[in-house]
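In the two assemblies presented below, chain A is common to both, partnered first by chain B and then by chain C.
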Partner chain A sequence: MEKFTDDDVIVCRCEDVTLGQIREVIRRGYTDPEEIKRITRAGMGPCQGKTCRDIIIREVARITGKRIDEIPVPTYRPPSKPIKVGLLAEESD
Partner chain B sequence: MRKTEVLVVGGGPAGLSAAIAAASMGAKVLLVDDGLKLGGQLVKQTHKFFGSHRQSAGVRGIKIAGMLLSDIEKLKDKIEVVSNTTATGYYQDDGVVTAMTGEDVYMKIKSERVIIATGASERMLTFPNNDLPGVYGAGAVQTLMNVYGIVPGDRVLMVGAGNIGLIVSYQLMQANVEVATVVEAMPYIGGYLVHASKIRRLGVPIYTSHTILEVYGKDAVEAAAIVKLDSKWQPIPSTKRILNVDTVCLSVGLSPLIELLWQAGCKMKYVPQLGGNVVLRDKYMRTSRRDIFVAGDVAGIEEATSAMLEGKLAGLIAASDLGYAYDGWEADREDTLSSLEELRRGPLSEKIRSGLKEVVVEW
Partner chain C sequence: MDFKRTADVVVIGGGVVGCSVAYNLAKRGCKNVVVLEKSYITSGSTGRCGAGIRAQWGTEMNCKFGIASIEIFEHLEEELGLPIGLHQGGYLVIAYKESEFDQLKKNVALQNSLGIKSKVISADEAKEIVPILNVDGAVGFTFHDRDGHGDPFLTTFAYAEAARRLGVEIFTYTEVKDIIVEGGKVKGVITDRGGISTPVVVNCAGPWSKEVAAMAGISIPTYSERHEALITEPVNRISEPMLISFTGNFYIQQRPHGSFIMGYGPEEHEETHRVNSTWVFLEEMARKLSNLLPPTRDLRVVRQWAGSYNMTPDAQPIVGGVEEIEGYYMAVGFSGHGFMFSPITGVLMSQLVLSEELDLPIDMLSYKRFERGELIVEPAVV
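Then we have the complex of A and B:
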């Protein structure tokens, strides 16, 4: 039988990042979700991690044997959805 | 820059109740909501609510939305509603909230008090082919059917036997869609027995200690495999079964949408009973930032009835901070508080009560 979760499963749909890629960077020692975000771009697409954030945190916990509350939460940086640069430029006050 | 006294982010049961309460006190309210229509999840809830009659038990969710909206309408000289608008950020240095209407209007909002009632998002599971068309969140299916009148497919595998999974299964059947099976990874059914019995009577099996293993298909879902889990949550290979389904519905929990609270620097804690990271708050829903309140699922995954009561509390206190009041509002506040306690008294609320113990503080 296939493994329960396959390395080919897409974790971050916005940036096309697979579970295998996430596991690979965790094995290389990147166990802070903020680092994982910056290296793989998971969570940096249009939805800003609404799907992958929890999955990545769970995966870090599983591989490192830590509790979920011990895993640091990556920054929720505004804007929470894409905004055209032109709109930002217009809004001056 | 738009200025207001009370900004409410989110127009679901919590946000609407908060806006109504704050405006009833006399405060000027701006309500922003990302939907095209107000009401949040209520507008797709065609089932009747439970609980006490004072909290609209026996009334369908969509009717409750209607009741709240008529209250909003009555207070329209106090409440300005901006729909199709997403709050995109909170900036701590000047306490400004940014928001975007559609994709073409961007605004900054400065408010004396902010009530965050952003709700929650659906959780995802990792299994092969989970990105094939035909794999949905249960909430998305409910929206598709009950708001837009579109059925997702012909035969569905429902993953998760909490209340949402059970209710959406029943609503699929009401829409003439076959539900092949409901699987639940826990060894027991999480939702109310009355919902489970309803779909079982219609011949749909609910398998506990079972989960989805993978989905098959080329361009869309053609089949799905389910498997039994052992006591250590590991799949038992010999129990794998293939179901001919064209739709998979995931109802595996909700995650509070805490971005704005996080950006505002509100103190948080990871409380799995409440769905993940949630903010610390006092019993009146005030966060560690004196000017910011929370209400509803963003404060901890619960249900619409508690969300409305929390919203009312937040709205009353936020307006009272600004010097507003109406005759008897304090009695109303205490009454709301005791309704909330009463609602959470039952054995089914044990998980909520244990979660709240960790986050309800005194400032």
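Then we have the complex of A and C:
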């Protein structure tokens, strides 16, 4: 049986991004969570990073040696929960 | 990374245009190129853009920039060695007014004369391309199969990484505060991390083009306009091309990943750097989408955002040097089309800076055209 490492752990369940992928882009020089979000799509799915955002910031801190409060935090954008197009369209009728 | 004190070229702006310019300079052998970005890579207009790529334009210059860029996009992954998320499903342009359709037919004739194989198509043909399309109210359609969309993030990161491999140094969270000009020549830039001596500065500052031009004492009539966009949850592919209409005022596309991305132009054209989102946009965009592609009523909107179109008075960019200052160049004012024009812009700007022969003549894109009243107004903008 293949050994399971924490690289295989899925950190962004919306976009299927693993911890290994996050570590790979950090090694390539993407140490800003804003850039990590945009290159891996982690945090761009329906939950908008409610799980992965903190994990990614913690991983950047661990690898770069920066303090958590020194690391920029990506913006949460509206809507806070996904809304159906039909419902929005009816609202505007 | 130690901060630089001297450079051969300083590129201001870490968006797709700045990264393309820096990459192309290094590719042509220019050493010691520095990119300065006041936030993160793609933080300005690039990372907020609608991702479209097209050659269906209404002016010769934009057609040439569009098709030349498509030709580069088609081989860019090989060239840069990284994915760029290109999807060539065409642009399906929808006219809702006879006068608009007449203009689109003229555009197609112009495009065809420049080797762009766009065509006028019927409602039935449009329905063949997008079976779920509601064609009610539409009076005509045009289509070009090499148009499409790409991933602005991946493309910019690909340019940036390829540039770094060639020795370009990119400093993020580094803001340019001033540009030093002496005796009509660029001497250097002042940043919040110190000064850099350089004989060449390229203004690729997107939304802040006017402010960065003013640092060198150059006045340009660009201004930033807020444009909103939204993205849905991903679903199986149901719409291949980019759908766009100038009177309908929308663009709607399904990315390879399955999400729909869309936007429309603002009614008020106030000058602003604001990039906040509005509820009005969310409702109006949902109404446009569900009318055009009725099955999308069951799709959920995941996120909305806004970004800046850096506009010029004729919606065509300013690309070139300036008469007053040796060593000062601009690639700005793309009016919402910087991503799709970035490949050829990087090539042309690098050729200009290095005094090489240009692939396309760009005299018409001089900032002096506004003073001279030689505007080349683009009719096809959302």
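Note that in this section the second predicted complex is superposed on the first by the 87 of 93 C-alpha atoms of A that agree within 3 Å, B and C clash if a C-alpha of one lies under 4 Å from a C-alpha of the other, contacts with A are read in each partner's own complex, and residues count from 1 in each chain.
The rule we apply is simple: a contact is a pair of C-beta atoms (placed from the backbone, for glycine too) under 8 Å apart; a residue touches a chain by one contact, two chains touch by 3 or more.
Please read these numbers as outputs of a predicted model, since none were measured by experiment.
Overlay on chain A: chain B and chain C fit together in the combined arrangement. Looking at the shared chain after the overlay, A:19 reaches chain B, while chain C stays out of its contact range. In the superposed pair of complexes, A:10 makes contact with chain B only, with no contact to chain C. Look at A:41: by the touch rule set out above, it reaches chain C but stays clear of chain B.
In the superposed model, A:28 makes contact with chain C only, not with chain B. Touch criterion met: A:51 reaches chain B, while chain C stays clear of it. Here the apex is the CA centre of chain A, and the angle it makes with the centres of chain B and chain C after alignment on chain A is 130°, in steps of 10. Legend: residue contacts after superposition of the two complexes on their common chain; A:69 is shown touching chain B, with no touch to chain C. In the superposition on chain A, A:85 makes contact with chain C only, not with chain B.
Our summary of the superposed model lists a minimum C-alpha distance of 6 Å between chain B and chain C.
Of the residues of chain A, those at positions 48, 77-79, 83-84, 88, 91, 93 touch chain B in one of the two structures and chain C in the other.
Contact residues on chain A toward chain C in their complex (touch as defined above): 28-30, 32, 34-35, 38-39, 41, 44-46, 48, 72, 77-79, 82-86, 88-89, 91-93. The part of chain A that touches chain B in the complex is made up of residues 1-2, 4-6, 8-11, 13, 19, 48, 50-52, 54-55, 68-69, 73, 76-81, 83-84, 87-88, 90-91, 93.
On the chain C side of its complex with chain A, the touching residues are 39-43, 47, 153-154, 157, 161, 164, 172, 231-233, 257, 277, 282-284, 286-287, 289-291, 296-305. Those residues of chain B lying in contact with chain A across their complex are 1, 86-91, 98, 100, 103-108, 121, 123-124, 126-128, 130-131, 213-214, 234-235, 237, 240, 255, 257-260, 262-263, 269-270, 272, 276-277.
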